[in-house]
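Order of writing sets the chain letters: A, B, C and D. Residues in each chain are counted from 1.
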């Protein structure tokens, strides 16, 4: 019985649509769970700055506030270990997701980001058997997710030797930053057949190609609604075909249920994996229909989903 | 006269006390050895960084690179200092030295410090990315032990700021060289005319800032156990706010080390206080701004009073 | 000798050098394309830079750190109000500028009424604006009306429309500072506030107008940038915090106030775009890119200041 | 006398200093011996401050040599300088400021030693000064700061002061304190020390100097025992033929209606020259600043200003340091020479050039930076700024600080001229002689008006009486 337990979400950043969708999913899941008497409280906290130091302080405050579990989207996989350890020592359950922490006492709901990078290149190989030049859009420098995806992409390219990465820029997972970086490097690049991205940067990339009057290459997208809409428009106009994949913000609800299960005394493995959300030419219209304007394609996970994930990890 | 001198420190002390009382009221659990430690231990590196910023503000400059510098120091601490202590120490010393050099250069070429440090923030940040392209590294064991030591009576998080304040007060306010350094901020020309080599004094002030910046990075790693290239970016603005909150002024060499430390504690506490209030996530960020304004508004009441007497 | 003493020269030289280095890589191919991109993105930096320059001219300690938040808030509210409906572009512009003016007034009220140092006041206010932006739209990216998007990404006489806007504003600011009474007041206030007041300058009016102006410049930039890149994002202004200060100082304006430099702002804005493009084109990693950018900024400042000292 | 004591403390041989085309100092030879008290006089921009800066090492000479009796540098030779503008650190206490100059003061207990030393020095020079050694300098009045600076100059500071250079030390001191200083200078020289005393107040120079050196346009034009000069001879040597003060009788005039009255009781009629007097630091400057601020607004600028202000503390209140002389002057008339909000630059330049000629600012081009002017000439530019404006009331806060005799006469005449045309002047001065030229005088004591004098009542004795009465009573 977890009806007396209190769960907190520690979030380090609220400045993009993905995080906003994540907060919303958590809030609706949490509210419902409180209303159903599953838990006593489910509160979300966001730091004012995307910084590990602030989040560490936030976690320490949660310990003081006496939460029973903290679910955590971490600013850094290692810099929060001190605070997470303190939480564990104080008897608090810590479940990290998306931005996971390496501290062994915490649970991790991980997405295999490297696999995501590899899959992008694999997909390009099926579509472009002749290969060609690729442009890589990276995320925020110095962040673990950026490095993982990039690693996967480079592994993929090593495997499919017909591809060459001829340029790489940091788009910080933001359309406007990506647009600017791509516009700056394009003039010095040869013809590009494909763009591998990390999510949140595909639309900006497409805009930059359009502004430079270059043919639109095959851009792998990242599930943002504006990207999907652009994709649908291109498809209708000229049969454009691509793949979109990213982690679903609803993973916060999965983390919530995992934490609830741990509090409930379930035996849960420390390492859990969640598949990423993939949108193909066939599922595009469906995804577009269910994604709110300006948001991100999402799925909300239920208790059953969580139990399934837990069971498959055993 | 003495009232005026003292009142510069009264305000930070009062703000901290009020905020602390409000925090204890909302979260009585904080009123314990364990609670105080959780509340304040992350303020220790901030306090050190604030002191570093104060050294720069003391000579009428401002440092926009402090956050990236502390991040770099943290990266060095979590990698070289742990793996090869001698090399790590040498690198940290080189960092301090380069800060001193920067001060001398700013003086010699009469460069605006704000621009040079803005440029340096890119440099430090880039170097940190070289050292740790990925978050990671490990805190040296002795450092972790030092930062988590449990002294009798009061937790480390309370003892350390007191020590920092006392040491820097002696160094900056009481000592002869500290007086001359503040004099550089007050009127560099007259210090020069008295025969002091102002370029060395500037180098010294910047070197001290580098020293405290490095200490901040080390303390931070001791607490977080590892580092990343972006770990302390926030410290730039936080440290400036801390100096001002502590009764310092941007020009004229008017700074107070004890005030700066208290300012750092107040800022840390303000964030915790807000999280105890359980605001809606939409407003949590804005509330941090509001509380910053509120605390500084207290300055106004005091300065009006000060002017009245 | 006199031309070398012009502080704005160095930012233009640096921009030209970066431009040439990129073209060196491509063997001269893509020059027009690159110039077009530089003008497009430089325009945003130039517009916020012009605003920041006015504030920095007010003297030591004056700076607006709320530019990113104001950009985001203005863009968010304007795009939400327009909702992608055609024919709403001017209403959206009015909303954006109105938000800018309100933010500017709020910033100045904190500075004037509460006597907060501008750095702290605008920093604190920016957190509030950020909250407002989150609260109003929860980070949804709403598309601009088509006509507006076409304008923002379009060109006129071969130059991007946004660059024309930036150019017009630069000329307006230049005339203000060089010829107008108000500009003289601003420059006097920046040199010595007390002396300016005693010389009959309405210093508080000058300060208030300046803080409102910078916020409105930021709001306009936010509005244009959101239209340009297909929607407002909560973090869209982030990089313009350091950028706005950097273009002012690289452009040769004195950070000590009372002295400003319009052509330099544009040169520096182009440079900031081109240097990143150049380093990207040469395949520099994030670390090397940062170190080199920083080193170049410092080199420009040293070059400009030693030239000035010699004359 | 031992050998080195008979050698000059400092000797300049053909020393010159040029700033680009400006020959600030053009070949000066001068030896200062122990026991000398040299009065250095000259018009504004004659090169006095430049000479001082050469002796104390602030500037290197363009040509010629500077030799010291002891050691290689001015500091080692025991040369001390008291500069006219504030060269204390305002954020430090009086004792801490001594520490700055006393580079060898060290040890754990340096504060006690510094406090004792500065107290001792202040007590010796200015008995009854009432300055706390632990007071922060920015809480002191400008006169008190000047006293502290002088005391630091004469303090032993490890070695002994052998030559003290005083650049216009009395310009912000009132007569009583100035007398204390002159007495001390006499004592110091009698004890074997040397002093270079720069002042535009010739009376003081005659009182204290044993030898007088006259500079004109960077050259020594006259030099000799003080007794060999007459006041008129000195003024002639400085190159001015302006009439002496008092030559022009103050004629009784008709005034217009009263146009000003403050809560404090300060009042002025149209066309009147109203003087403010009393000991320095008794609220006169504050009263004037308040009056000006109440007459103008920080929020709007009237087309014609109601008042104009001439600052005495020009660094703090007057000069806009980055600008040319032209822009510094024209700031007060921008609204007059603007059309549609844009400045008409020809009109502006015309006004500035006109005033440069009328008031005799020593520059060949008004587009030169204001800081290239000597202190006195900067002050003239500030005068030009106020007089050029159409404001009916001109408020002057000790505006003659550092203005030379000849110029003073010109300015007096100009003020009377403008007053006759119907302008009102409020004029605070530390020099009683100037105040005596006014139509009406308010004497301040402890931030209040202690006497209002007019007509024949305006005499030095009456003013002094009103300044001191209360203090003697209490």
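Quick note on the criterion: a contact is a pair of C-beta atoms (placed from the backbone, for glycine too) under 8 Å apart; a residue touches a chain by one contact, two chains touch by 3 or more.
None of these values were measured; they are calculated from a predicted model.
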Between A-B and B-D, more contacting C-beta pairs sit at A-B
For chain A and chain B, let me know how many angstrom lie between their CA-based centres, rounded off.
34
Distance from the mean Cα position of chain D to that of chain A, given in whole angstrom
71
Between chain C and chain D, what is the gap in Å from one C-alpha centre to the other?
45
Where in chain A do residues touch two or more of the other chains?
14, 48, 141-142
For chain B, jot down the residues that touch at least 2 other chains.
128-129, 133, 284-285, 288-289
Check: chain D positions touching at least 2 other chains come out as none
Quick one: which chain pairs are touching?
A-B, A-C, B-C, B-D, C-D
Across the complex, what residues on chain C touch chain D?
175, 179-182, 184-185, 187-188, 191-192, 194-205, 254, 258-259
Footprint of chain D on chain B - complex, ascending
1-2, 4-5, 174, 176, 179-180, 182-183, 185-187, 189-191, 193-196, 252-254
Contact residues on chain C for chain A in the complex?
22, 25-26, 29-31, 33-34, 36-38, 40-41, 127, 130, 134, 138-143, 153, 225, 228-231, 233-236, 238-239, 273-274, 276-277, 280-281, 283, 286-287
Which residues of chain A touch chain B in their complex?
11, 14, 23, 27, 43-46, 48-49, 51-54, 56-58, 60-66, 76-83, 85-86, 141-144, 147
Tell me, which parts of chain B touch chain A in their complex?
27, 29-30, 35, 38-39, 41-42, 45-46, 128-129, 132-137, 220, 223-235, 268, 271-272, 275-276, 278, 281, 284-285, 288-289
